[in-house]
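Read from first to last, the chains carry the letters A, B and C; within each, the first residue is number 1.
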Amino acid sequence: MRRNVAIIGCGQTKHTSKRRDVNIAEMVSEAVYNALEDAQVSLREVDAFVVGNMQGFGGIAQPEQWLGDSIGAPGKSVIRIATGGTTGGSVGQGAYYTVASGLHDVAVAVAWEKHSDSREAGATTGLLHVGLGNFFHAASYGLSLKNLVATSAVGAAAGVAVFQAVFYMHRSGCSIEHFDMVAAKARRNAAKNKYAHLQWPGCTPEDIARTEIIAYPFRYGHICPASDGASAIVVAEENLARKKARQPAWFKGLAAFSDEENSLQSENFGGVGVLDPSEQKGCWMSATKAYKMAGIKDPQKEIDVAEVYQPFPSQELIFAERLGLFDEGTAWMALEKGETDIDGRMPLDPSGGVNATNAIGSTALQRILECALQIMGKAEEHQVPRKVSNAVAHGWGGVTNYITVTVLGDSPGR
Amino acid sequence: MIRRVAIVGYAQSHHQHNMQKTREDMVFEVCKEALHHAGILREELDTVITASTDFLDGRTISSVFLSMAVGAFLKDESKVEEDGTFALYYALMRILAGTHDVALVEAHTQGSTFNPHQVTFYTLDPLFDRQIGVLNDIAAAALQARMYMNRYSVSEEHLAMAAVKNITNAAENPCAHRKMPDVSVEEVMSSKVFYDPIRELMMSPISDGACALILASEERAKEITDKPVWIEGVGSCQDAYLRDRNIQNLDSLQMAARTAYKMAGVKEPFSELDVAEVSEKFAHEELMIYEALGLCQEGQGKNLIERGTTRRDGEMPVNPSGGALGADPVCATGLIRVIEAAKQIRGEAGGYQVPDVRRALAHGQFGICAQKNAIFILGGNGS
Amino acid sequence: MGYVKEERPTTISVEGTWNIGSYHYKGSKLMEEYVKGLKQKKLIGSFCPGCGKVIVPPRNLCGRCHRIMDRRKIVSNRGTITCFIVTPPMEKGKLKVLGMDPVETGLIKEGEVVIPVFVKFDGSDSNTDTILLNVDPKAVHIGMRVKVLWAKEPQGALSDFEGVEPV
């Protein structure tokens, strides 16, 4: 017999490239207090925190030890979870387990990133540090400079995604125009989300297509920004959830299966055995388990909205298929038909998604948060125009080998 | 607790200075050995939770190249930061939630990669303490020790006696780092001063090491082993930041212990616990921990040391394995305490076995002046 | 000037540095075997007796089988492109690598395109990432057959493997 657990409040900050008006502690507490206010829960009722960000990006180790006081953490259990791009998803799932375990009744999950605190954007230096140990190792064996230039020219994070996009294009038949369409949709949707970063009302694929190519098939207009921002959710057990929220967003299923490193290299510069980084077996397995827990048999019919983690537009298509929302190799056709628009058959990222707002640590938690808003009917301008019974939130991270999949619903029933 | 959960297998490395093994090999070996110790296959794991930090490992997303080594290939996994006891806490929550049955928990640090004391400097308030630049964990511990010693008339000899007890215990533990069977109070008191009154032998050594542990739900635990070590109580708590807290007490440890005692039904810890394994990163912390755990009255920690109560052959043995003063592979240290406590219950502690252990306490901590603490109360089949 | 400024339009910014200069990573000796092979113009991969996979460059352990990949296999220096990226023409002042401008230093010619590729060498079960050289960028395609371009005088370094070129 599992305990029913729900999200009863959501809070986030406005996302921009530079939040110079606040420091990290102030920014994080802004999200926490917004969530507590939304949930109508006082700090005294909270008995656990789950927190996370990419610590290297802000340059502070274990930042919750310093900023815990600002969010009311002292005297409570505080677990810090960090799993790269999926950090927010892992933090949100951590809050579920915190309450589902019966050890705690009300938990706050908060995740954030403040890229602008680093002189060079964390997305460049911070992500290079992922492979820093490998780099020094290879350098000691005479790494070819020209090879290094090639890696740098494509960009460490983008590099993995570009290869992944090429694989997907090759096997599905989609083209660069579809990526323009995804990016334009993300910016249009973001214009309806007051917390989003890159807002562009009426943005068209042609607008995106006018931007310069970085490395084919990616253009500048395809790439997510580096944002400052934080997001938080209040998670509670059933009794309190029913008392506090008119429509709680219930956790119905969740999983986070990791795969082998998808490309680049393994520890100490070894090769990897995943031949197609767009295959994403971990995502497929996570979705399968999450749907099973949620009692969802046909996600194409039963999921009403999805928040897919898509810093690069190709990933909205790749992962939507792996989440079972479209048949293999067909997501781009649905995109063409407008099925993934806010008012489409299967709305993808009505919030604008990661492509419009990327505060790395927080981003995957925002996907869960946005799904909760859709279920609670609180998404305001970007609320999808239909009854949302089930929503799926996705996150990816690491060397595209980490995945979080979380299914939320309007009832706890399985 | 809504489900009974037990520890069914574990392994740890031979902690040492500058281990001649890569991070991947070290981690792989303990995970493989823990699975072997439990007598299960990787395929039987439902979830894997690891613990490490980016600053200590020197890699952004410290876990990213270790998924294969820890056995998390196509497994539902996650990574908790800081001490391994927090990873254990998370793994326990996953099993209690009813979504998983068997978990592997892994924690590691190679202290030789980057000076862990320097990392503590980066945990300070970046706008103030880091700018002033005088504090790190050792300096803060020295302030704490001085305040504590001053308040309760504790002498440097008391600290040295605590260090001698743990370091001599470590000599019997093949996995411990410090090998000084004949260390004396005089030797500790004449070792190098880092920040007065903290001396080299009153501090934990900088170790490379890893450990892994297998956790299982009641049904699975009974299938896997006839010697399960049950988790009877848990508690986790964070204190306020250095400047807003009274560092002469370990309030968050006290709160975590109370939560765990209540869950386990422990009313008189001194008489009901048979052994405790605690993470004392500095000798004075051991005395403070006695008090926070309720093994004695406030300010009386020195008496337990003076009387030899917490020696291996004493009435309430603490750290028969040598504790953190014996070896401190930072993120692994707390989880090693859990393993050592479980070994005592299963009677697997060899040369440092305490006779007839039924119930044991294990403690993990992280942060300057033990800002975060986790407590586990473990019991054998008979407890 | 005193420490207290008269006006503070925003929260203060405080300068600080994150010194990561003194890390000591532990590397495996596998790479040594690999570069010794390169010196003899041989590509050494690690072989897993559990699942039979061959990984190039060699990796230490197989997560599928959760075991050390303790055997080696030499794979062909010919293979197939499984994926590629074509960068826009490189220009001066656009990119800094290790503090230097690759076009300015002559490592890359002005206007040259760089083509990072994944190659599956015959006999291996992995993608090896490298660069494609001596090719017309328009002719690159998935499935293209390539071979290793060795340095003129291999010295037992990763740079002995300069890249791949069309067969």
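Criterion: a residue touches a chain if its C-beta (ideal position, glycine included) is under 8 Å from a C-beta of that chain, and two chains touch if they have at least 3 such contacts.
What you see is a predicted model, and the numbers here were worked out from it, not measured in a lab.
Asker: Of the chain pairs B-C and A-C, which one is connected by the greater count of C-beta contacts?
Answerer: Answer by contact count: A-C.
Asker: Among the chains, which has its CA centre at the largest distance from chain C's?
Answerer: Farthest chain from chain C, going by C-alpha centroids: B.
Asker: Report the inter-chain centroid distance for chain A and chain B in whole angstrom, where each centroid is the mean of the CA atoms.
Answerer: Each chain reduced to its C-alpha mean, chain A and chain B end up 33 Å apart.
Asker: Centroid from C-alpha atoms only, then distance chain B to chain C, rounded to Å. What do you get?
Answerer: Going by mean C-alpha positions, chain B sits 40 Å from chain C.
Asker: How many angstrom between the C-alpha centroids of chain C and chain A?
Answerer: Each chain reduced to its C-alpha mean, chain A and chain C end up 28 Å apart.
Asker: Show the residues in chain C shared as contacts by 2 or more other chains, in ascending order.
Answerer: In chain C, 16, 18, 20, 23, 25, 27-28, 60, 62-64 touch at least two other chains.
Asker: Using the touch definition from the top, which residues of chain B touch two or more other chains?
Answerer: 22-24, 58, 67-69, 72-73, 122, 126-127
Asker: Residue numbers in chain A touching 2 or more other chains?
Answerer: 23, 56, 59, 129, 132-133, 260, 266-268
Asker: Of all residues in chain B, which touch chain A in the complex?
Answerer: 1-2, 22-24, 53-55, 57-69, 72-82, 86, 89-90, 92-94, 96-99, 119-120, 122-127, 234-241, 244-245, 251-252, 255, 366-368, 371-372
Asker: Across the complex, what residues on chain B touch chain C?
Answerer: Chain B reaches chain C through residues 19-25, 28, 31-32, 35, 42, 58, 67-69, 71-73, 110, 112-115, 118, 122, 126-127, 130-131.
Asker: Could you pull out which chain A residues touch chain B in their complex?
Answerer: My answer: residues 1-3, 23-24, 49, 52, 54-57, 59-66, 68-69, 73-84, 90, 93-94, 96-98, 100-103, 126-134, 254-261, 266-268, 281-282, 285-286, 289, 293, 397-399, 401-402.
Asker: If we count contacts the way the header does, which residues on chain C are in touch with chain B in the complex?
Answerer: 12, 14, 16, 18, 20, 22-28, 60-64, 66, 68
Asker: What residues on chain C touch chain A, complex-wise?
Answerer: Result: residues 10-11, 13, 16, 18, 20, 23, 25, 27-28, 30-32, 34-35, 45-46, 53, 55-60, 62-64, 82-88, 90, 95, 97-98, 102, 107-108, 114-116, 118, 120, 124-131, 142, 155-163 of chain C touch chain A.
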